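The following pair of complexes shares a single chain, chain A, combined with chain B in the former and chain C in the latter.
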Partner chain A sequence: MAQVGALILVLGALGFLVSQAGDNLRARSIPTGFDFIEQPPGIQVGEGIQTRDFETGGRALWVGMVNTLRIASAGIVAATVLGVIVGLARLSHNWIVQKVSSVFVETLRNIPLLVQIIFIFTVFTTLGNVSLDSGPIHGWLHISNKGLSVPRVFGLNGSFQWLAFMAIGALVARWAHHHQVRKQEETGQLGYPIVAAGGVLSVFGIVGWFAHPVMGFLGPVFGLIADALDGLPEETLQLILAVLSIVVAILWIRRFLKSMSSGGGRAKLTDDDWFRMIFAFAGSVLVAFAVLVVWPGLSSWLLNSGRDFFQLLDDRFGSGNGGRPFDGKRPDIVKPGNFANYGPAGLTLTPFFAAVFFGVVLYTAAFIGEIVRGGILAVPKGQTEAASAIGLKRSQALRHIILPQAFRIVLPPLGNQYLNLTKNTSLAIAVGYADVVQVGQTIYNQTGRTLPVMAIWMLFYLACSLTISVVVNFFNVRLKLVER
Partner chain B sequence: MSDAASASVRDLSGATNMIECEGVSKWYGDFQALNSVSATIKEQEVVVVLGPSGSGKSTWIRCINKLEHHQEGRIVVDGVELTNDLRNIEKIRSEVGMVFQQFNLFPHLTVLDNITLAPIWVRKKPRGEAESAARALLDRVGIPEQADKYPGQLSGGQQQRVAIARALAMEPRVMLFDEPTSALDPEMIKEVLDVMKGLARSGMTMIVVTHEMGFAREVADRIIFMEDGMIVEVGTPEHFFTNPTEDRTKLFLSQIL
Partner chain C sequence: MRKQFLVRLLAVLLGFTLIASACGDDDGGDAGDDTSGDDGGSDDGGDDGDDGGDDGDDGDDGDSEDTVDVTQGGSLLDTILDRGNLVCGVGGNAVAFSETQADGSITGFDADYCRAVAAAILGDATALEFVPLTASERFTALASGDVDVLFRNTTWTQSRDTTLGGDFGPTTYYDGQQLMGRVADGFSAASSVSDVDGAVVCTNAGTTTEKNIAEAATLEGANFGGITLQTFEDFNQVTDAFIAGTCDIITTDGSGLVGRRAVNDMFDDWAIFPATPISKEPLGPMYRQNDSVFADVVDWTVYASIILDELGITSANAQAFVDGYEAGVSDPQVGRLLGIDEGELQSSMGLPADAFFQMVLQVGNYDEIFTNNLVPVGLERAGSANAGWQAGGQIYAPPAR
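After this line comes the complex of A and B, so read on.
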């Protein structure tokens, strides 16, 4: 009873605050609508998949989100690799390696990230202007106040055929790897699984470079699929989807029941188990109903996009002419007006991107290094002793005993660092990198929609954080040590 | 001819020397943990090491497979001298099995994987062979049904028996036991001691650091009493428990019996 009272009290207070806020916003005529998402924003952004002439504000925000995700995802990979190296280096017995890594960690984690980002950006702005003969490796690598540009590799017409060739190569390599491992386990002779798999892959890569047109037969096959999808009536797909949904639910329930029964017989089902099964079946019926009656547009959309996809594959596979599948281009310099800049040929990191990217990567790598070091040290000393006592070499002990256990210890704090890295990319505002915050700020300066833009920011970062948490938790649960 | 009055005292005078220690000394900083320990353990002999805590018992047997480094003296195991040469250390470690007070099983591996890890990676045995050997060992220590469980799912006594099986899987010529029952609940001590008694009867050379006086009396060929890093007294269990010569031994026995 007291709890219900408290709930009513809290809800009442919340409602009062919300209505007060609404009154005040209206009184000061602060707009709160989301209409700017649909209207042309009339802004430009620094870089991204599109930089000007946006049709809607939503599109401009999306460009900012892609820029944020680009830095966050590349940053997570780079920071993990660098952090693991630093962490292992701090445990090294080599004096120089150990000292260098200690200095790396202590310097980077004790300077605010904002200062580091501005520092890296400043370093770029003090570099020379772009010119044709600038850069440490003439014509190949340019570093200037316009950023860093390296040669780009891109696919030509034959690249799809080559990739299909490599997919077969990967299957064969997998089989070779498996075969070598089996041989090692059955005969005790040392196998070479990695060497065998790598060899198979490189043979396929080289042969495929010349022989990739043989995969051209896939083009007509995809064309046939596209035609079949084109000829399929919408009602048939609706029926297929509905039946599929119910069949999947029934299969899941059967598997669930099987997992609940042990050798002796079926375990007693709890209310929760019954609820799960009923929920699964009801859900599937609901899906079937939606597909058939409520939302027929879904089926036609699926049909159309499926047809377009296979049509595209047909075109790509048909257009090979036996030339090399990939090519590279060196960075080029263009001079549209008074100022030279990098052209589209090279792969260019702008100073804005580079400052934020290297800032968050170095900063986070320092913390990840400490986490890795701590994780390895946290594996009890008895584990190392037991491994030595049964005759394992130090490298074997590390691989089979220490690292698998250290990984389990490291995973949750590592997830925290990934969250931090993602959120820290918002410091991009300091150097004007066009991330979601910077684009959003430009939009609300134009439209005055401060609160809606902030709501979008929060939802976006929330979605990023939840995604990372879900992934980390998945591995955390899977790798958990089994105990009573 | 030796008389057969006592069944537990075996005649080992003809056996070869398995472990020889000569003047082994070790310091932790200024503290001297071992003070010129000399002892010879013959093949198939079961030696129990007694002494108050901090007397250097554990340090000594940990020196025998080089988990600790001694600074002076010689240790020879089965004809191979322990030096800093890595190949020697690996050879000796694969011939000397060790059982720890805290079991030190690998918690992320199943019982079966715990046992087969070293045979597969050190002895290069085929997995199938290693697994059937491991199952036979689990049978020997009395827990064949636990093969696919994880260490965290077993009781302390079962874990220690898995640890013994893991050490035996390398087919060692010597087994070292570092207080194997000290971390166990009283009702689980017996199951571990029974396994160790069986091992002793099968002719395994064993050095056992323990506080189990009953086990020492029943199984030991010889008892070594240590204090302050030195060997104070050596003798048969009968001599040791009924007629000790040294005052410090008498004091120790009066405190624990």
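After this line comes the complex of A and C, so read on.
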């Protein structure tokens, strides 16, 4: 009951605020509405998957979103790796390693991120100029005031075949891993599951390097799927999607009821459970309604993009894609117009990207390091002692006793750091990196649609945060101690 | 058990109906709110009309106030008089237009026009609060009422005039967008847009500049590979990145480039081009729309500064003009503008009769404002579009009568 009231109150308040904002904006003749998404914005974006000649404002915003996702995902990986190293280093018995990592943590987490980002950017701008006269780049790395360029590894068409080959390898490796584990459990002899799995994978990797064209047969298969999608009428897909969403909801409710029922009698359900079921069903009906009535273009879009996707796979897997699956190139400097700059051969981080990237990575790594250190220290000492009492070596104790428990403690705060990192990338505006905030701001300055753009920002960051939360929660639930 | 379920179902259904009806109410409520707002507005307007009702002219003003009050509820002019100071949005880092000095004060061409409006309304050029705004903050700040008026080298464009909820006053400076490159890179005043092929071009975000350069690059055609356009929040950052070499080319209004070159170009290495700007950038004041009373005050402050320049009345000799004025002998336009003559028009605008006398005394006429601020950085009035109309320029004001 209270929940119904709360829901109505929240929705009502939200509706009131939105209508108030709309009224006030109209009263000041400030335009509202999302029409700018459909109109050409007439702007350029600093970097990204497309930088000029945007057909719609939505596309420009999408470029900004991709830039944000790019920096956030690369940042999460880099910050985790660096953070774990720093955290372990702080626990090291080596005096120098321990002190260096302590200084790293204490310095970086006590300086505001904005200051760090601006500092890194300023450092970049003080570096030397790029010029064609400096000749070819001897070496792997080139830093200048136009950015940082490193060698790039990129997949050729054969890489798809190689990856398909590796997928089979992964299945085999999984089987080898299981086999070793079972042997150890049955006979008590020490097995080598990791070594076995790794060995299988590397064998497949090496063989696949030369033999990947055998996977070429997948091309025509994908071609057939593409043709089938092309022949499927739009209405059929609409119907399938609608029925599917309702069926999924009903199946979920049935399973939910079953999991709630205790033996013979009827399930005892709380208010919360009723709400879950009603919302699940209402949601599926809403989806069906949306697919059938509100947005019929969705299914044709799905059909078209699905067909294009499989056609692309068909091309990539097609015959004649022999040769190396991957290739690498060193950075180079080119002069396409009248100015020297880094060419497309190397992987180039612009000073703007680099400032934000290194800023968020170093800052977050300092926090992750502390979380990792805390997580390891939080495992009771008795666990280590018990492990050595049953005769485990120190490395075995760490691998099988300490780290699994530490990981369980570390995961939730780690998820928070990922959320922080993603949101902190919005500081990119300080150095002009073309993230979603910077592009959005440019668009609302040109069109005056401040609130609509902000609504898009909020939805975008909300979606990012929820995705990260879902992933972290998934692992969190899996790692949870099973209590009975 | 069964009863409980029914109660719950009913509760949920009730909830949905409430939500649905709430949504329905919103639409109806909007219309209701609007009309009631109208009523309150016209009441206020009537009161204002009573206050100022002196002669026939005021009848018109009353009418115009009525239309104002539909959305605003009273002119901004009354608010400023009550408050005792003018809140003026400026750039804060535009050389020669609005520069923040070491002691925190703001000087420059735009800042002087803020002073002029403050002197005209309140009789005191210092009854003024400057609000430094970035290019991307300015329109929101104006629309939300954070500032009364923008003197922030803002270009008058159709889209800004019609979609941002503001209106533009008379142009105070005719500008045009140009580019600036290094002489070391082979640039001179004779260079053109086609020479910047492949450059990293920097400018500040949220300006017309950004669109102009994107359009100019598109117009260059197929042989032009294109540019990388990098935008910064603040023009100081743009200049710093240009000095550092991260930007190959920077672009903004020609006056801004000249100003920056005067301040930052230590080695005489910067060239501004092309000779004919790539865009028209008429810079002027901007205020919220549908407030004709305040709009008139800003417009006529600018016009008065131009007319006083045409009449040769400066801050130095204004007092002499007042002292030596004789009705029927001297130029009546001077008498009206300085508020000495019976037929002066400032009172009917809601200003003190000596509004423009105070303005010219405390700040100066157009030429003085221009000469004090823009000439030192190398921007000349003679021969440019900013010369007076008698000298072949564009600076022109309607007659004061």
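By our rule, the second predicted complex is superposed on the first by the 335 of 484 C-alpha atoms of A that agree within 3 Å, B and C clash if a C-alpha of one lies under 4 Å from a C-alpha of the other, contacts with A are read in each partner's own complex, and residues count from 1 in each chain.
Throughout what follows, contacts are C-beta pairs under 8 Å (C-beta built on N, C-alpha and C of every residue); 3 or more make two chains touch, one makes a residue touch a chain.
This is a predicted model, so every value here is computed, not measured.
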Inquiry  = For A:G12, using the defined touch cut-off, is the partner it touches chain B, chain C, both, or neither? Pick first, second, both or neither.
reply    = second
Request  = Please indicate which partner A:P404 is in contact with in the superposed arrangement: first for chain B, second for chain C, both, or neither.
outcome  = first
Message = If we overlay the two complexes on their shared chain A, which of chain B and chain C does A:G42 touch? Say first, second, both or neither.
response = second
Key: Residue contacts with chain A in the superposition, chain B compared against chain C   = C
Query = Of the two partner chains, chain B (first) and chain C (second), which one does A:T442 touch, if any: first, second, both, or neither?
reply = second
Request  = Tell me which partner A:D272 touches in the superposition: chain B (first), chain C (second), both or neither.
outcome  = neither
Remark   = Per the touch rule above, chain C residues touching chain A in the complex are 1, 8, 11-12, 14-15, 18-19, 22-23, 26, 29-30, 33-34, 37, 71, 135-136, 139-140, 143, 159-160, 163-165, 185-186, 195-200, 205-207, 210-211, 213-215, 217-218, 224-233, 237, 240-241, 244-246, 248, 288-290
Inquiry  = Under the stated contact criterion, what part of chain A meets chain B in this complex?
reply    = 185-190, 380, 382-383, 385-393, 396, 400-401, 404-405, 408, 481-484
Note = Residue set of chain B touching chain A in the complex reads 65, 67, 90, 93-94, 96-98, 100, 102, 104-108, 117-118, 120-122, 124-129, 149-150, 152-153, 163, 166-167, 169-170
Request  = Flag every residue of chain A that touches chain C in the complex, lowest number first.
outcome  = 1, 4, 7-8, 11-12, 15-16, 19, 22-23, 27-31, 42-47, 51-53, 124-126, 129, 145-146, 266, 271, 274, 278, 335-339, 341, 351-352, 429-432, 434, 438, 441-442, 445-448, 450
